[in-house]
Amino acid sequence: MCGVFGIHGHDEAANIAYLGMHALQHRGQESAGLVAVEGNKLRQQVAMGLVSDAFNRDALAKLPGTSAIGHIRYSTAGTSELRNAQPFVFEYSGGAISIAHNGNLVNATELRAELEASGSIFQTSSDTEVIVHLMAKAREPDVLGKLNAALKRVRGAYSLCLLTNDEKMIGVRDPNGFRPLVIGRLKDSYVLSSETCSFDLIEAEFIREIEPGEIVIFEKGGMTSHRIAAPAEPPTFCVFEHVYFARPDSLVNSKSVYRARERMGQKLAQEAPIDGDVVIPVPDSGVPAAIGYSKESGIPFEMGLIRSHYVGRTFIEPQDSIRHFGVRLKLSPVRSIVDGKRVIVVDDSLVRGTTSRKIVKMLRGAGAREVHLRISAPPTTHPCFYGINTPTRSELVAASHSVEEIGRYVTCDSLAYLSHEGMMTAVGTSPNGAGFCSACFTGDYPVALGTSDLVQLRRARV
Amino acid sequence: MCGVFGIHGHDEAANIAYLGMHALQHRGQESAGLVAVEGNKLRQQVAMGLVSDAFNRDALAKLPGTSAIGHIRYSTAGTSELRNAQPFVFEYSGGAISIAHNGNLVNATELRAELEASGSIFQTSSDTEVIVHLMAKAREPDVLGKLNAALKRVRGAYSLCLLTNDEKMIGVRDPNGFRPLVIGRLKDSYVLSSETCSFDLIEAEFIREIEPGEIVIFEKGGMTSHRIAAPAEPPTFCVFEHVYFARPDSLVNSKSVYRARERMGQKLAQEAPIDGDVVIPVPDSGVPAAIGYSKESGIPFEMGLIRSHYVGRTFIEPQDSIRHFGVRLKLSPVRSIVDGKRVIVVDDSLVRGTTSRKIVKMLRGAGAREVHLRISAPPTTHPCFYGINTPTRSELVAASHSVEEIGRYVTCDSLAYLSHEGMMTAVGTSPNGAGFCSACFTGDYPVALGTSDLVQLRRARV
Amino acid sequence: MCGVFGIHGHDEAANIAYLGMHALQHRGQESAGLVAVEGNKLRQQVAMGLVSDAFNRDALAKLPGTSAIGHIRYSTAGTSELRNAQPFVFEYSGGAISIAHNGNLVNATELRAELEASGSIFQTSSDTEVIVHLMAKAREPDVLGKLNAALKRVRGAYSLCLLTNDEKMIGVRDPNGFRPLVIGRLKDSYVLSSETCSFDLIEAEFIREIEPGEIVIFEKGGMTSHRIAAPAEPPTFCVFEHVYFARPDSLVNSKSVYRARERMGQKLAQEAPIDGDVVIPVPDSGVPAAIGYSKESGIPFEMGLIRSHYVGRTFIEPQDSIRHFGVRLKLSPVRSIVDGKRVIVVDDSLVRGTTSRKIVKMLRGAGAREVHLRISAPPTTHPCFYGINTPTRSELVAASHSVEEIGRYVTCDSLAYLSHEGMMTAVGTSPNGAGFCSACFTGDYPVALGTSDLVQLRRARV
Amino acid sequence: MCGVFGIHGHDEAANIAYLGMHALQHRGQESAGLVAVEGNKLRQQVAMGLVSDAFNRDALAKLPGTSAIGHIRYSTAGTSELRNAQPFVFEYSGGAISIAHNGNLVNATELRAELEASGSIFQTSSDTEVIVHLMAKAREPDVLGKLNAALKRVRGAYSLCLLTNDEKMIGVRDPNGFRPLVIGRLKDSYVLSSETCSFDLIEAEFIREIEPGEIVIFEKGGMTSHRIAAPAEPPTFCVFEHVYFARPDSLVNSKSVYRARERMGQKLAQEAPIDGDVVIPVPDSGVPAAIGYSKESGIPFEMGLIRSHYVGRTFIEPQDSIRHFGVRLKLSPVRSIVDGKRVIVVDDSLVRGTTSRKIVKMLRGAGAREVHLRISAPPTTHPCFYGINTPTRSELVAASHSVEEIGRYVTCDSLAYLSHEGMMTAVGTSPNGAGFCSACFTGDYPVALGTSDLVQLRRARV
């Protein structure tokens, strides 16, 4: 759960990259980093927190040069340290290189053990460092050769931006194409981004997706396309980007995210209709599905929960504590909308169930007569090992409880999820989901997992 | 454009007040302050910025005591200094007292000149300091007497929270009742707030409005009500609180803000219908009116503009500047919603016209075939002198331009405003607006303006 | 215990004032403030902490104009709040004025009560605000008249810098001349400062002292001198400035501070000789006296205690605490100097005795065979009410203990103080100290104390 | 120019290490770092700036465990980045290990190239990382074996503290013993430090030096001594530690630093006598030598230059700039000491000459009749490649100018340096300096330089 951005051949590379990263802020809030190249030297600035906090005019001024790559990192427990903030910079026999990675390698543990045995040292707990070591060990003379040598060994999800000290920018997408990566054009320069919404902000033109298994190199002479020297795989795009993760104004895999979510709401209304007075979303991510549900059902749509714009910081809770404090700071029910009403709440996911439970209780507190919860995706039963930061299986309430049990826990009057088929149709693929990875809903992992992942899965089954 | 909050008789007074103020954050982002009383001593903490930035655990720990008042201040050009941050604390013959003020006095300049002539010194540029000086000069022996002596002299809008060093909390609302002020109960303690949304966050119960011209004193024995010793006035509640300023989940003057805004959208659809494919709001404040417009017109509602959650900080614009940069950081069009469509955009106000112009252009850039702008309020033609921070008259585009001219400037295909009558009906009062101040739309100022205000108005007419 | 600075008629007034204040940093570390005037407007920047922390390029850029005054405040317990940071700015019938004060008024409490009774409000706990209120109440038409009317009423120590919004800078020194205040010239501009060391830093030329009872006004036409319209007093310059407070490179009352301290050490060697192997100072303030003692006695001088340059911040002490932690962080004994030696330690004061005790023990820990403590001033028996922040009488160890008792507490082998006569001769005045205030050593207060001060004194006697 | 510290077996390891590092602050002010071990996990905190700024209670609380090592880094141009802040932490086949290094390797460039060729990647520009890579490549099974394998390859100056995740602390000093490293005891725990002054602050007992070529391992069973498996070298202790770098209250190579400096001053007075009225030091480092000069010559010692305690931060210089601004902020002449006098100024080094020139001019400005400069060390003619951050040879004024030329540039009336023999005698070794490295004064480098160093030297000769 990260975002990558790159720009090649622009007089204000760092400044544009900083804006492009801002548009990807929803993909991670833990750390932000930028690396720019000038005169054979890579310069790095990384900081914890949001892009707007991490960079000011002074920090950007320390990043001269016409090419830059950036990275946004999601907050994950335990490894939240500055030294894990990307893009990484390292020096090796090929010169200096910087790398930004969105995704997750499933065989990183095995490769790391092998590399350490041969004398490699590791300074981060990131799987990304494995790629770098493999490149350094490669005998191939040029960066494309080294990169291919490394990618031959790794398995999993990786959308990469690389930048070399001789001003090559490289975009890579794994053979399955789990995470998105798109190419754009801003005047005479090329841009790379996890999502097209970056291009809208900086007024760049969307050119095309990087294909699964493709390496694109940007250098003075322009842009050249290469195939990863690894066996081709059928694409398995991540369906969760469409369901939840990407921004609604982005195109992912050339499909409108907003429209897919709205169709999920429509499908959900067909699959799980209920008598109600009002359809309300859990803002902001539930809005398109709730609009779809409302359209399909004919039940009026209202913004029955107001989302605060001022949350994000640590808040100090009184000792005499407030019920549902965390949710309440972020969401407030509109009493005049829900009081005395049969309320249908549409959300895009239900992971642990704790937040949904608080929302249901808060709505009842505001007078709702009935609360029906509709989730615009199937039950999340399995963890993702390809780069989405889902909890372990034992924390996923749907991994071990029936829909009925979850509904009882959440204290709603009724609970329903969208079917897998419904979701796939809404996203715009075949109902069986060919070409997509939906392992988080099915447990069908398209790329063989590593040992440590399998251990985690097995433990949860006990 | 400020918010006030108070709590009397709670073990964690400062901490609760801090949360109450957070819920009022939309009323001002310039500065935040808290004053608490313990053992006859008033302690103050003020800081520039948001509540969550201004206060941490250490700052709250410096505010012991069971009663506290807080203030949120809106950023206004020129006087943005820490010493203007409220609540003010001062010592005088009556002991020590603290004051937090929402509103604006129209005869502050005259009173200040008079007070300075008699030897008073001023340390802020705030009109609020005038009230304090008048209290200090009063011969009456007790704080109610001193307060009444002061309020007899001032004219304009004032919703006040005061706190004395002998632990009296006082709530005051001017005879016209311009700004809201409500009483709530949290277990054994009383709370005051500009809006009911504070009560929802801290789980307090809404009791009632403070009446126009009422003074309510909270002390050990409970709560007592008094009349301001000034001539009664017919109430002239501020209509702009309903149209734009208050939070949609609040009740203002005991009316749902959300519902009024939705009805404004409905009325607007009746008054200014147009053929279109989609109705989209300018989020977040335009959402209820857009839903109303959609319901009434039958044209589908969509979230065609996405609002970023990460704006608020200073952003560094590239030198090779981006068109509509400021708006673009905050709002992004969803191409899949607007491309090729006749788009009806609903917003709740159009002040200078510059933002609307950028939105229109941005929507066309995203493919909109037609852009029709609908404003869910009448044209803003006059500045407010009662506490809303509107620009001077010469900056109000509607003060000097016809709707047609504005539409041309904004470059939309059609522009329409809600009528005054329509707005008043939607708010839920008589169509002529009795009991409400709508001077910003009409120029009919219910309380005689001061000299300096009149000069400003006259200048704009030239 | 504060410092004041002013500059009139310089293109970079705020920047020069900031440097001038830096040179006065030893006079106070609690807060620093600057006020500059431009176009009839006074602008203020104040902050807690050191000058170098309080001001950066941005803060200075907010203070345009060709005249500015500054203030350094000493940290005193209890009232350490930003709102007490000077220079104060206020508006009154005479326009706007700013004031910076070094000293202390003895009748502030009485005057404050009187002013509050007549309707004045106070926003700080500072005695300085009283002067401002008295000016505001004055009927005299011009600022000199108002100032004189105020000064007629106050009693005590005050060296003032004032700055008006019509660009007059005013320097005032009370009739007794307790605190220093000097005039300098920097190219075409005039400067005021508590000490001449400011002039050396900014390369200004020292012109003269402001005389006791003199008011000097700087305006376009130049500099004019006036007498305070209060009864003349014989001067009673503060001897403690010479003994301890001023910087050794300053001239105070036109006498070299360094040379006076060296002579104190010489006198001390004559009055209290002792056999020893080495004379060491408590750095930095004890250095000149130790050099004097060494010269007179012929016993070699060494820097047997090293002062750390990196102290000043809060340090975190381990729970398993270190003996003499606070002193140890600041001072380290040089074992090779003191080991096996009879050490004579020269310090300039002994207030509570706790620090001296720690130093003696630390020196013994480093091997000193004998430790003889010599104080280059008489015992401090009385608190100062004229602006030096001494502890209350009950905390002054010499107020209630004999020299012998103190020596036993401090655990030194011998203890001796300089006589009053010796000190006065060293400073360069008549042996009986005519023209100087030495109340802290004698209890002879030259200006009648106020009620609250007398109460404090009486209590300590019990 | 760095400092290292370590503690093994103490309940408050991080807190004690933080204090120990504070005592080494004079060895570097760029960055400070700490690594502690608990439960097989190494935790790191590093920050730019002083120890007291880099660590607060929260940061120390994040470093639980009973063993910790720390590092202080000097500011060197160009590589002042957080990622170069030590101690480094890395994971390798041997587990996890942390390293702190004082010194400089002369063959780092060659080794780095070799390591990169074999697939190693580098994340810092530090020579220290080379040691780590060599350890990771070693086939030896235990940490001592790996360390020895690495040290066999490196050449130059290294005093190291290492800490392993199984709670071994290791101290290492290169065969030449360039940089100091001492062992102490604090109750039941062992401590390591660059200088004994750390032990005085934390009340630890000095046990002994780590010998040149010795590896000392601290683990549960106690402390064991080993020889570096590299050819023994005759010791060449750095004489510059005695002359300038170490704190005067430290013992270095078991000799008092203070006493050596005082003897240098005495020797200088014998070698370069001059008629004068007063001897003044450039504080603080010149003080002992000036005392020695005064004693030997009989000319009185005075503190004729006052050093400010408040410098260290960036200061903003006015545009209309002040002569000798940088020096003036730090040092002020005492006019009453120097006015009309023949002043002998004693300093411990003269590197570029620019500062000395400013001091001479400042003293003349304060009235000095003559200014004679005496340097208590020989001319610095060659850069150090063993860990002292001297400028390149082309910036060393003595590398290309005669003493007479330098004196003319500095504008003093006479200039003299201490002879090499005099310095060596003062330090307490044989006059020819056997057992010491004085390459900075002679160009005789005891350990063969690397290619890049030689290139730099040669270039300067042209």
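Just so it is clear, A, B, C and D label the chains in written order, and each chain counts residues from 1 on its own.
Keep this in mind: a contact is a pair of C-beta atoms (placed from the backbone, for glycine too) under 8 Å apart; a residue touches a chain by one contact, two chains touch by 3 or more.
Note that the structure is a prediction, hence the values are computed from the model and not measured.
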Shared chain contacts [chain A and chain B, defined touch]: none
Centre-to-centre distance between chain D and chain A (centres being mean Cα positions), rounded to whole Å: 48
Approximate Å spacing (C-alpha centroids) for the pair chain C, chain D: 37
Averaged-CA centre spacing for the pair chain C and chain A, given as whole angstrom: 61
Residues within chain C bordering two or more other chains: none
Category of the chain touch graph - line, ring, star, complete, other: ring
Contact pairs between chains, per stated definition: A-B, A-D, B-C, C-D
Residue ranges of chain A touching chain D (in the complex, touch as defined): 44, 82-83, 88-93, 116-123, 132-133, 136-138
Interfacial residue positions of chain B with respect to chain A in the complex: 11-12, 15-16, 18-19, 22-23, 25-26, 50-53, 55-57, 60, 197, 200-203, 247-249, 251, 256, 258-259, 262, 284, 287-288, 291, 295, 300-303, 306-316, 318-320, 322-323, 328-329, 332-337, 366
